[in-house]
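The structure under discussion is supplied below as structure tokens; questions concerning it will follow.
Each chain carries a letter (A, B, C, D and E) given by its place in the written order, and its residues are counted from 1.
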Amino acid sequence: MSNFFIASGVVLCLFMLLALYRTIFGPTIIDRMMGANIIGTKTTVLLIIIGTIYERVDMFVDIALAYAMLNFIVTIGASRYFAHHKNIRAEGYGVLNHTPAKGQIND
Amino acid sequence: MIWQIDIMILTLIVICGLFAISVKDLLGAAVVFGAYSFLMCLLWTEMGAVDVAFTEAAVGAGVSTVLFFAAVHRSSRQVKARVSGAMLYKGLGLLASGLMGGVLFYASTDFPDWADPASPASSHLSPHFITQTIAETSVPNIVTSVLADYRGFDTMFETAVVLTAGLAVLIILRLGGCRTAGPIREKNAAIQAAYKDSIIRFVTRMVVPFMQLFALYVVAHGHHSPGGGFQGGVILGASFILLAISYDLKMALNRINEKAALLLANTGVLIYGGIGFLCLLLGANFLDYSILHRILPATDEIAARSHAMLGVEIGVALTVMVIVMIIYNNIVSNGSYEKGL
Amino acid sequence: MIDTTQFPALIVVIPLLSAFIVCMAGCFNRRLCQPLTVLALAGSCWASFATLGQVVKSGAIHYRLGGWAPPMGIEYVIDHLNGLVLVVITTVALLAAVFAKISVAEELPTRINLFYTLYLLLVTGLLGMTITGDAFNLYVLLEISALTTYALITIGQPRALHASFNYLMIGTIGASLYLLGVGHLYIMTGSLNIADLAVILPELYSSRAILVAFILIMVGIWAKMAFFPMHSWLPNAYTYAPNGTSCLIAPLMTKVSVYIMLRVMFSLFTPAYVYQYLSMANAIVWLAVIAIISGSLLALAQKDFKKMLTYLIIAEVGYMVGGAWLANEYGITGAILHILNDALMTLCLFLAAGAIIYKVGGQQLTDLKGIFHRMPVTMTAFMVGALSMIGVPPTAGFFSKWYLILGGIQAARWEFVTALLFSSLVNAVLFFRIIEIGYFETPEDKGVNEAPLSMLAPLLLVAVSLVVVGIYSGDIVSTIIQYAVPKGI
Amino acid sequence: MELLLAKYNYWIYALIMMIGLYGMLAKNNLIKKIIGMGIFQTGIIVFYVSTGAKRGGTIPIIEHGHGEEVHEVIKALDYVNPLPHVLMLTAIVVSVGTLGVALAIALRIYTEYNTLHEDEILERVND
Amino acid sequence: MINTLTIALMIAGLFFFLATTVGVLRFPDFYTRMHAAGKGDTLSSLLILVGLALYNLHLLSAGNILVTIKILFILMFIFLASPTATHAIIDAGYESGIKPWANENNREGQDDLAD
């Protein structure tokens, strides 16, 4: 059974590598946030899998739970950024030289 | 250790680290850095360092990423290359890091193999901690017993470092003369936000009590499972950050105002230092908890150590919780305490 | 209840706990902060003098924190070397705290309670670094003192902002390299206690990892003390810091780093390894020579007299590092004695500078016109500090320089001797320029306008102590320092 | 493969520290420098935690220690080395403290100079 | 029996993770990618965690049941948090004016948003 868990752990790592592509290359900042969120979810699962491999899951569930919570906070925090800065491009940063992006709805 | 996962994650970490400093958008860099911390957390668990992983999950992946968002929110996202002298700085950086890398690789040839049970690090001091912790402190979590007792003095100063950081942020931003909220334009934001964020707010209302309860469990159960004062304190602080993010800063500040925060933070470290000083007054050395059995009812020397560690952890949790809030509140509002993320 | 065996703990614990009490008291009444700070530092100072007395009487003291035996737990070790440094730190901190009252109330009116809290935490960090016998504990305290310093510098003039950011970067690199060096020692030996490491290490001296550990620790400490190639952060950071801050950090930060370097060289590693096994001494003395010469020359080029003093600090760091690496008894004695003397004379000069800036309102050399007529007492004290810096006989500065020169001659390092003489010459030129401006140029108004008593008292005390330490330096060397110098070099 | 397994962690930590140091020294943007600082510090943590790993060791919490007596003898080889974990808990907390202070200073610089870029700040400082 | 069930559930979970990843990589615009990420992630973590919780029950004891309950807590949390997070991210994208992808011929304004 242990080998199966290790194998699935490695497979999850490979999926993370693919999700990392979105995190790193975007193209937009929100794609990056999405990629990070996906990595976060996979990490939660992987933590429990590692716990199962160590056969001490009782010690790992707390970490996984804390992890899920903090991942949630990070995602909410990142998305709330756009309640204040309505532009996904870095060039039009802040509001000092704010120009409405294409298709902006709120103006 | 699980070497298959170890190799995978280390490779991912290097990729993440490389791009965290090369992405041309600060918010993006912060997100990639967050992902980097996620992976770090996995690396620690895989090597069996559960307490480190817990701290990394709470501090590295959670709070510090949010702090980056807050700082970018208050400043700008733009990254510009140097106009002149870029090559000089690049050359300098490459030279210095190449030199350091060379030295470190050179040293690594002499290291004992990774995960070798016979290496000096694993055979000199640590066997004592592993075999004696139950007998000497009755705490099964060896990390907690070493952290709060054998090396409790380090931990006291570590708490003092946290407090110092909080006070430093306070003195730099809050009292730093500039009280304007920074370059943010708010357009009838309150009405819009209340309407838009009803889902997030609803979920937050459900999650926050659960989180705080969990944090208290982490503090109290640190003797038997990973966790303890720092981790619990950070999660408590993070729950207030979640409130501040999904409602607004005022909401979190109404819970714990500025003066109370300062008092609580100092109380936390004073609990720690006070327990140590109590030992000194009772005639033992500083932080020698075993003497406390004289004043704690129905304990022997070993149980006194265990109980004192719990007290110490509570002090740590108090300080860390408040300081995490202070740092976040100041950075997100540029010291004005007006508008948050 | 508390007997003398607990004094080593009290030295550090009193300022630490009172820092929190000051912060809490400051929430209710700000006027309590400064008296409480002075009280706490006085207690700590008393404990450190008592501890030094014990050390002189009965040799090194070991104190187990938490009651655990050393390699498991953390222990404090006080011997002649750090007993002396502890006394220096507590005394300087006490005097600077007395001085700080007025200048902080003027410069930082809204931040008094946090200022004193951070001040006490900084002193705690420095004391803890000095007293500890555990390599990792030292790192934690290094970071406490570093974080407080960043904060205390940042709240100065606007130009301090970027300076303190740079300091933060360099400081973090330095502390991290130190930590990494300790990690290399840990992976090779499995221990963190300095005494325990010193026992295990000799078998491993041929190891590459140990060599790298030594280099990493040294480079880390040098970055912290602004030794020559890594000095660029220091002048701006110290110049634009508030006066209350710079009076504390300018005399102490670099000196404590020098102490740590000596501790690592002599207690963690052995002089035999450092001087004979490694062939670095030559290069490092040359770096020290460059540090001395460039520090002195750059000081000559400044128009801002506080900045001028900060460049002198860089030169002084060169004295001490060079002296320590001369690898003979005179050089090391000179370096240790110079820790004491330089702390006192830098304190003297910065206190005087603080008083002048408080009264005059500017820190350019041109602001000093006629200053001797307006602030005669302050300038007298300033001149005592200046003479000591130049190295004029009855003052303390002469004696440590004398030992350093003797060491240089004995080791036949003529470049070091030349640099010392050159730097004395430059110091003479610098301070006589101040005399020229301050004495001979006519002031705009001639009324005497002396600094308030709470500033003058510590200043005069330091000036007097400079002379007293100078006169008794032979006794200090024979009762304390000669035991601190490692045997058999 | 043997060599790779034995040294991979130590190579990677050196690489991470190089990346971090490069970021701290060469980057123009202050927040990028701070990110570099974070990476630099995690490199050290990788190093320390790697020293604590032990083949065949489980996590450093005594098994069945929860509420009941420990019957079997505790063997040091069964548990990974807890000491580096303790040290690194401290280091992580220190690094987040440094991060907070660094961000605070960067924000003050931004309010003062309205830029986060080192060259522009230096330009304005030297004016 | 439990082992077989665990393996089946985990392989199903990994399959959905694969589907998520492929979707995230291959879909044309942000909203469709988020669609794949939000749904697929939640479902597959559900499957894998249920599998692990079941596996944990192969030795029945009070401690193991507690652990299973804790894993179910995590599940509950993910069920609550993951859709909310997805909502928040999509909202952020919508607020900042990303235009939904229509078809191949009408893709103006997509590429120049890259930073």
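The rule is short, and it goes like this: a contact is a pair of C-beta atoms (placed from the backbone, for glycine too) under 8 Å apart; a residue touches a chain by one contact, two chains touch by 3 or more.
None of these values were measured; they are calculated from a predicted model.
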item: Number of hops, subunit B to subunit D, where each hop joins two touching chains; value: 1
item: Contact-richer chain pair [A-E vs A-D]; value: A-E
item: Subunit A-subunit B separation of Cα centroids, rounded to whole Å; value: 19
item: Centre-of-Cα separation between subunit E and subunit D, whole angstrom; value: 29
item: Where subunit C and subunit E are represented by their mean Cα positions, the distance between them in whole Å; value: 57
item: Shared interface positions of subunit B, touching two or more other chains; value: 24-26, 28, 30, 48, 50, 63, 70, 72, 76, 78-79, 104, 108, 111, 119, 121-123, 125-126, 129, 151, 154, 158, 161, 164-165, 168, 172, 176, 196, 200, 207, 225-226
item: Per-residue overlap in subunit C, given as positions that touch at least 2 other chains; value: 136, 140, 143, 147, 150-151, 154, 186-187, 192
item: Multi-chain contact sites of subunit A, meaning residues that touch two or more partners; value: 26, 29, 33, 35, 54, 58-59, 62, 65, 69, 71-72, 76, 78, 80-81, 83, 85, 90-91, 106
item: Chain pairs in mutual contact under the definition given at the outset; value: A-B, A-D, A-E, B-C, B-D, B-E, C-D
item: Residues of subunit C that touch subunit B when the two form their complex; value: 1-2, 6, 9, 13, 16-17, 20-21, 23-24, 27, 63-68, 71-74, 110-111, 114-115, 117-118, 121, 124, 128, 134, 136-137, 140-141, 143-144, 147-148, 150-151, 154-155, 184, 186-192, 200, 207-209, 211-213, 215-216
item: Subunit B to subunit E touching residues, read off their complex; value: 24-25, 28, 196, 199-200, 203, 206-207, 210
item: Subunit D residues within the subunit A interface of the complex; value: 58-59, 61, 63
item: Subunit D partner contacts - residues on subunit A that touch it in the complex; value: 54-56, 59
item: Sites on subunit A touched by subunit B in the complex; value: 6, 9-10, 13-14, 16-17, 20, 23-24, 26, 29, 32-33, 35-36, 39-40, 43, 46-47, 50-51, 53-54, 58-60, 62-63, 65-67, 69-74, 76-78, 80-81, 83-85, 90-91, 93-96, 98, 106
